[in-house]
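Scroll down for the structure; my scribbles are underneath it.
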Amino acid sequence: MSRFIKKSSKKAGLPPGALIHVGDKKAEEVSIRIIDYNEKDFEERDLSPVHETFSCKETSTVTWISVDGLHDVDIIQNIGEAFHLHPLVLEDVLNTGQRPKIDDFETYTFITLMMLFYVDENWQIRSEQFSLILGDDYIISFQEKAGGIFDPVKKRIKNGKGRIRMRGADYLAYALIDAVVDNYFLVLEKIGERVDSLEERLMNDPQSEIAQEIHLLKRELIFLRKSVWPLREVISSLERGESDLFKKETEIYLRDIYDHTIQVIDTIETFRDMVSGMLDVYLSGISNRMNQVMKVLTVIATIFIPLTFVAGIYGMNFKYMPELEWPWSYPIVLIVMMVIVVIMLIWFRRKRFL
Amino acid sequence: MSRFIKKSSKKAGLPPGALIHVGDKKAEEVSIRIIDYNEKDFEERDLSPVHETFSCKETSTVTWISVDGLHDVDIIQNIGEAFHLHPLVLEDVLNTGQRPKIDDFETYTFITLMMLFYVDENWQIRSEQFSLILGDDYIISFQEKAGGIFDPVKKRIKNGKGRIRMRGADYLAYALIDAVVDNYFLVLEKIGERVDSLEERLMNDPQSEIAQEIHLLKRELIFLRKSVWPLREVISSLERGESDLFKKETEIYLRDIYDHTIQVIDTIETFRDMVSGMLDVYLSGISNRMNQVMKVLTVIATIFIPLTFVAGIYGMNFKYMPELEWPWSYPIVLIVMMVIVVIMLIWFRRKRFL
Amino acid sequence: MSRFIKKSSKKAGLPPGALIHVGDKKAEEVSIRIIDYNEKDFEERDLSPVHETFSCKETSTVTWISVDGLHDVDIIQNIGEAFHLHPLVLEDVLNTGQRPKIDDFETYTFITLMMLFYVDENWQIRSEQFSLILGDDYIISFQEKAGGIFDPVKKRIKNGKGRIRMRGADYLAYALIDAVVDNYFLVLEKIGERVDSLEERLMNDPQSEIAQEIHLLKRELIFLRKSVWPLREVISSLERGESDLFKKETEIYLRDIYDHTIQVIDTIETFRDMVSGMLDVYLSGISNRMNQVMKVLTVIATIFIPLTFVAGIYGMNFKYMPELEWPWSYPIVLIVMMVIVVIMLIWFRRKRFL
Amino acid sequence: MSRFIKKSSKKAGLPPGALIHVGDKKAEEVSIRIIDYNEKDFEERDLSPVHETFSCKETSTVTWISVDGLHDVDIIQNIGEAFHLHPLVLEDVLNTGQRPKIDDFETYTFITLMMLFYVDENWQIRSEQFSLILGDDYIISFQEKAGGIFDPVKKRIKNGKGRIRMRGADYLAYALIDAVVDNYFLVLEKIGERVDSLEERLMNDPQSEIAQEIHLLKRELIFLRKSVWPLREVISSLERGESDLFKKETEIYLRDIYDHTIQVIDTIETFRDMVSGMLDVYLSGISNRMNQVMKVLTVIATIFIPLTFVAGIYGMNFKYMPELEWPWSYPIVLIVMMVIVVIMLIWFRRKRFL
Amino acid sequence: MSRFIKKSSKKAGLPPGALIHVGDKKAEEVSIRIIDYNEKDFEERDLSPVHETFSCKETSTVTWISVDGLHDVDIIQNIGEAFHLHPLVLEDVLNTGQRPKIDDFETYTFITLMMLFYVDENWQIRSEQFSLILGDDYIISFQEKAGGIFDPVKKRIKNGKGRIRMRGADYLAYALIDAVVDNYFLVLEKIGERVDSLEERLMNDPQSEIAQEIHLLKRELIFLRKSVWPLREVISSLERGESDLFKKETEIYLRDIYDHTIQVIDTIETFRDMVSGMLDVYLSGISNRMNQVMKVLTVIATIFIPLTFVAGIYGMNFKYMPELEWPWSYPIVLIVMMVIVVIMLIWFRRKRFL
C-alpha cells in the first residue's frame, strides 16, 4: 500500500514548505556529482556535500548537479538556498510519492516524474521519485538513490557523441526525461509477458490460484496507470511551450516524448482491457467443470438409486411375498433392472447429460 | 444515510435565505474566538456571543473570527448583519451538508469545505462543514464544533514563526484550507490500511463476512469521493484567480493545495479500482470451494452407490438364486467390488476429480 | 414505462406546431388563476377560461397567470394568441414528457421543468410537467393539475413578506423554479430511506425478493436521473445570463439553484453507486449459503453412504460367508464403522467442511 | 449483421467516387416523382427516369425531386450531372449503410439520415438510408424504396395547409428530417413495450429463454444507438447555422428537431440502463431456485440416509446379534429413528433450511 | 503479445534518433520502386538500393518512391540524407509498432498508419506499419513488405484513368491512406462474420469452448481499437488543414476518409458492445442447465431414498416384528410406497421442479 499512499502523518500540522523527508531511506549516503560541459570541454567531479558550498557558476558551460539520496534534509536545504529555490519546491523534492507535475517559476522550471522498475522477485512495480530543476544553464536532478537509468546519458556526454554536447541545458533535461520514459517500455514488456502467460494458462490449464494472480496483475496495472497518467499532462504542457527555458529546437524532441507517453498509456489501457475479462473466463470455466461434476453424480445416482430400491424390495422379510417363491423371479428382476438402466441411459443421452 | 443527504424537509416551502440550522447539534454551546495579529502584535480573546456586538475594525491587523457551533441562528445572523453578508451565504453556513463551493461577492469571498475524520469505532468517515468568509483584512470561519484541526495554525500565528504573521488574511485563508486538505491524507491512510488488510485476508483466508466488509468499504469510498471531488473545482477556481482577495504571492500556495487535492482524488480513484475487483475474487474463491465440495461428494457417492446396489442384489430373499449356494460367490463378489473401485478411481483421476 | 416515453403515435404525421395534448388527463377541469401584485397592491382572481379573453395589461404590476390542467387545447391556444407565443412553444406545453429545456425568444423565455413526487403506495416517482413563460412583467405557468408545490410562494406574495413583492417577474420565475428544485430533495430523502433500509436488510436478513427490490430501486434512480440531469444545462444557461429577462440582481439566486441542482445530481449518482454493488453482495450471500447447504449434504452423505455399504455387505444372503458365523463379527463391524466415522470427521475438519 | 456493416468487399480497390450500389435491392423499379410548388401553384408528376433528362429550372417554385430506389446507378449519375453534384456525394447516396452526416458544399448541402422501422415479425429494427440534397430552391431526396413516411408531408403541400407552401426549400428539408425523427418515437414506443413486458416477466415468471431475449433486446438497442447517435451532431451543426441554405426563420424549427433528437438519445440510454441490469436479476433468480432445489435434496437425503443405515445394521445376517432376539428391539429402533428425524428437523429449521 | 508491444529492450539507452529496426523481418530483400508521372507521362522503374543514390528531381512530375522492407538500416539512412529528413522521422519509420500519428515539418509531412489484415488460419489480425513522407512533389512510402493493398492505386496511375494523374502528390497521399482505411472494412467484415457465428452458436448450441472464443474475439477487438482509434486524430488534423502540403481541393477527400474512419470506429465499438454481453448469456445458460441437472437428481433421489428406507425397515432381521407375519403386509407396503410417490410427484409439480 505504501506505494499507493505515503505515510504523511508526520507532516500533519506543519507549515507549508516545511522540509521533511517522506519515504524510505533508499541510499546509504547522499552523493552529489557535478558534470560541467560545453561543446569542447568536459569536467566531472564528486562533491562532498557537507563541507562545500554551491556556487552558481557564471561560465558558458552546462552544469548538471546530480543528487542521489534524499534523506539528508540539510543538503537539500543548502542547494535550495544556493539556487534560490522556493521552499515548496524543496518540500516536493523531499516528499516522495508526488504526483508527476511541472511548476514553472520565473528563473527555473521544476519537474517531478516517477521512475518505474519491475522487480522480478515479487512481481511488483517499484517506483522512485525523480525531480529535476532546469535553470538557464544548469540542471539539478534529485533521485532517491543512485541508479543506472541515466548512465547512458552520462556516457553520451562524456564521449561527446551525438547532439548532446552541442545543445543547452534544456536538451539535457529532455534527455533525462526521455530516459525515464524509455524505461517504462521495459516495465511494459515485463507486464506484457505476464499477461501473455496468464492468458495461456487460462486457456489451457486454469488452476484456482489464477484468480488471485489476475487480481495482483490488475493491481500492478492500476499502480502503473496512476503513475504514468499525469505524465501526459506534464509533457503536453512542456510541448505547448509553457516553460520558456525549453528552446524552440528542443520542441520536436518533446513531441517525440509525448508520443511515447501516449503509447505507454495506450498500452496500459489495452492491458487493462485484456485482463479485465480474464476473471470472467476463469469463472465460466469453473462453472463448466462444476456442471460436469454434477452430471456425473446425477447420472450415477439416478441410475443406481432406483435399482437399489428394487433390490431393497425383495430384501424385505415378509412372510407372504409370492414373488420370492417363483423360480423365474430372480432373472426377471435382473432383466427389469437392465431395462431400467438402458432406458435411463437413452434418456440421459437425449438430455445431453452424457 | 444522513451523511449522504441531510433532512431538508424542514426547509421545504421557506423563502430563499431563510436561516434554519440543518444538521445535528454537535457542540453544546456556540463559542466565538477572535484573533488579531500583524507582524508585530498578537491578541486573542473570547467573545461572549450574546452580549457583545461585532464591529469590523479599521485597524491594520488581520482579524480572524472563529465561530464553533452553528445551532444558534441568532448569533450567525448577528455576524451576518455586522459584516453585511448576503442572506444566501448565511443560509449555506447553517445548512450543513453543503457541497464544497466558492462564491465570490464584491467585498468578500465565501468558501465551504468538508472536514473529514475517520472514526475508528464504526469504520466510518465523519464529515463536518467548514465555512470561511474572506474579507479584505478579516476572516470569519464557521465550524460545527470546536476541533483540533486548526490548532497548529493558531500556534504558528501565536509563536510568530514562519511567514504567516507577515502575510495578509488571504494567506491565513490558504493556511486553513491547507489544514483541511492535509487532514484528508490522514483519512486516506486509514482507508489504505483497511484496503491492505482486506486484500491480505482475501488472499489468505476469505471468510463469508468479507463480502459485506468490501461493500462497506466501497460505501466509504463513495462518500469520500462525493465529499472531495467538488473541492477540485473550488480550488482550481481559486488558483485561476477568480477571487480578487487572494494576492498574487499566495497563488503559488494555492497551486500547491490544488496539487494535493488532485493527489487525494487520484488516490480515492485508485482505491475504488482496487476494491471494485475484490468481490469478484471472493466470488471466484467461493465457486472454487464449492467445486471441491461437490467433487468429494461425487467421488464418494459414485463409488459406493453401485457397490451398495451389488450388495443389495445378494440381499434379496428369492428362493431360487443359484449364486447364493456357490461356495466362492462371496469372495468373487468382494473382488468384483474392488475392481469396480479401482476402475472408478482411475477414471476419476483422469477426469481430474482427484 | 409511460413514465419513460409518452405515447406519441397520435402525433406522427402532424405538422410541427400542431396542438395535441399528449399525456394523461390529470385534472378534471382546467382552472386559470391570475395574481397581480406590486410592492403595494395585491389582487388574486379566478378566470373562467371559456368566456373571458386575455389581455396583456400595460400596468406596472407583475402578473402571474397560473394554468392548472392541460387537456383543453382551446384554452392553451387562446393564451398563445393573446401573448403571441410561438406554436412550437404551445406544442411543448401540451406535449407532457418533455425533456427539461429553455428556449429564449425575443420577448419571452420559455422554460420546461419536471416536478417530481414520491408516491408511497407503489414506491414510484411520479412526474408532472411544469412549463413557464417569463415575459417582461408577466409569468404564465402551466401545470398538469393544481398542486400544493407553489402554495408557499403564493402565500409569500399574499403576505408581502420577504423580497418577493419588491422584485419583478424574473424573481417570481426564480421562486417557482426554486420550489420545484427544493421538492427534489424531498424525493431524494425518501429514496435515501429506501436505500438505507435495503442496505440494512442486505446485511442482516437477505431474502430472495431483495433482488427484485434492488432492481426496482435502480429503475427509479434511472428515472430520477433522466428527469433531473437536463435541468443542469437549463439552469446553467440561465445563470450564464442567456435570457435578458433575468435581471442582474437575480443572478446570485440562480447560482444558488444551480448549486442545489448539482447537489441533487451528485446525490443521485451517489445512490446509483451505492445500489449498483448491492446485487453483487446479495449474490455472494446466496453463493455462500449454497456452499453451506452443500457442505451439510456432503458431510452426511459421505459419512453414511460407506457405512450403509458395509451394512449391505453383511446383509447379503450367501451361504458361505464365514464372518457371519463368528461370535465377535457384529461388535467388530460396529467398531470399524465408528473408526471410519472418526477418520472422516477429522478429514472434514481439516478440509474446513465443518 | 448486415445491419451493422454492409458488405463492402466489392468496393475495395476502386477509386474514390466510383458509383456502385452497396446494399440490398429493396424496390423493384426506380421511380422519380417531381413536386413543384409555391404559395399559389402546385404541380406533381412522375418522371420516366430513362428517357427524360433533368433540368434545373429557373422558376420561382420550390422543386422536390423524390427518387425511390437506388439500384440503378445510371439514373443517379444522370441526376448528379444535371445538378453538378460531387462524385463523392453520389457515392454516399449509393452506399447505403452510411453513418448519418452532413456535408456542406458551396451551392448545396448534402444530408444523410437513417430511417428506422420496427419489424414486428422478427422483433428487429430495420434501417433504410435517406439522403437529401438541399439546393437554393430545390430538394433531391433519395430513398431505398417508396415508403409512407413522407406521405403526410406531401399531403400538407398538396392541401396547402400550414406554413409549408409559404416557405422555401429549406423548410421542406426541415419537414422531411422532422418526419424521419418523429418516426423514431414510434420505434422507441415498440421497444419500450418490449422492455416493459420483459421486466414484468422477469418479476413474475422468469423462464430460461428470457436470457436470450434480453440479449436480443440489448442488440437492438445497440443498433438503435449506433444509428441515432451521429444524428445529434448532424442536427446540431445545422442548428448552429453551418449551412447557409437554411434561413434564419427555419432555425427555431431545427432547434425543435434537435430537442427531439436529444430526447430520443436520452430514451435509448435509459432503456440501455434498464435492460443492462435485467440479466443480473435473472441470474440471481436462477441462483435462488438452485438454492431451494439443493435444500430439498439436502433435507431429504440428510434425514433418510442415516435412517437407512440404521435399518441396514439390523438387516445384517450375523449369527450373534443379541438385539435381534429381544422382543422390544423393533419398537425401540422405530422410536430412535423418529427421535433422529425430530432432532434433524429442529436443526434444519434453525439453520433456515426449512 | 508482440502485436501489443514490440520488444524495445534493444533501444533502451540509445540516443534519440538512433536508427535500429524494431520488429520482425518480413521481407527477404528491400526493394525500391520509383514511379514518376504527370498528366501526360508515366515512368516506372526499380532502384537497386545499394548502388544508386537518390536525387530529388526538380522536374514537374510527381515522384512516388515506394520502399518495401525496413530491415536494411543503411538504405533508410540513405533516403533520409537525400531528402533531408529529421533523424526522429527515420527512427519512427524503422520502429514498427508505432502509434498512428502525423508530424508536420516545414518542407514535408510525416504520417504513420497501421495496415491491418485478417489472417484466416489463426483468426488473428495482423498489423503492418505504413509510413508516408509527403513532400512538395514527391511521396516516399515505407512498408514492412511488398503487399497488394496499393496495387489498385498503381494501376490507376498507370492507366491514367480517373483524377489521379491530374492531381499532385497530396492526392496520391490521400489515395494511399484511403486504400489503407478501405482495407479496414474487409477486416471488419470478417470480424462481423465471427460475431454473427458466435451469436448464433450462443443461441442454439452453446458449447464450453465458446467462453474462450468470446475472449479471443474480445482480444482482437481490443487490438483493432488500439490500432484504429489514434487514426481519427491523425486524419482529423489533416482535414483541419494543419499540413500546408495538402491542397484545398483535396480537403473534401480527406473529409471522406474521416467519415470512413469514424464509421470504422463506430463499428468496432458496436462489436465490442455486442460481444461484451455474450459471456453473461453463456454463463446464464450454464446456470440454467446446472439447475436442470440438479432438479433431475433431486427428484430421483428424493423419491427413492425414502422408499428405500421403508424397504430397509422390513429388511431388518428382528425376531419380533409382527408386520412380517401378516398376510397383507406386503401389498399394503407396496401401496403405501406408491402413495408416497404420487404425493411427492404432485408436490414437485407444484414446486415447478417438473
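In order of appearance the chains are A, B, C, D and E, and numbering begins at 1 in each one.
Note that a contact is a pair of C-beta atoms (placed from the backbone, for glycine too) under 8 Å apart; a residue touches a chain by one contact, two chains touch by 3 or more.
Model, not experiment: these values are computed from the prediction.
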item: Equivalent interface positions on chain C and chain D, same or different at half; value: different
item: Intercentroid distance (Cα basis), chain B paired with chain A, Å; value: 26
item: Euclidean distance of C-alpha centroids - chain B vs chain E, Å; value: 41
item: Where chain C touches two or more other chains at once, by residue number; value: 283, 287, 290, 294, 297, 301, 305, 308, 312, 315-317, 321
item: Arrangement of touching chains [line / ring / star / complete / other]; value: ring
item: Cyclic chain order - from chain D, heading first toward chain E; value: D, E, A, B, C
item: Complex contact set, residues of chain D against chain C; value: 151-152, 156, 161-164, 175, 178-179, 182-183, 185-186, 188-189, 192-193, 195-196, 202-203, 252-253, 255-256, 259, 262-263, 266-267, 270-271, 273-274, 277-278, 280-281, 283-285, 287-288, 290-291, 294-295, 297-298, 301-302, 305-306, 308-309, 312-313, 315-321, 351, 353
item: Residues of chain D touching chain E in the complex; value: 1, 4-5, 7-9, 11-17, 86, 88, 98-99, 101, 103, 208, 211-212, 214-215, 218-219, 222-223, 226, 230, 279, 282-283, 286-287, 289-290, 292-294, 296-297, 300-301, 304-305, 307-308, 311-312, 314-317, 321, 323-330, 333
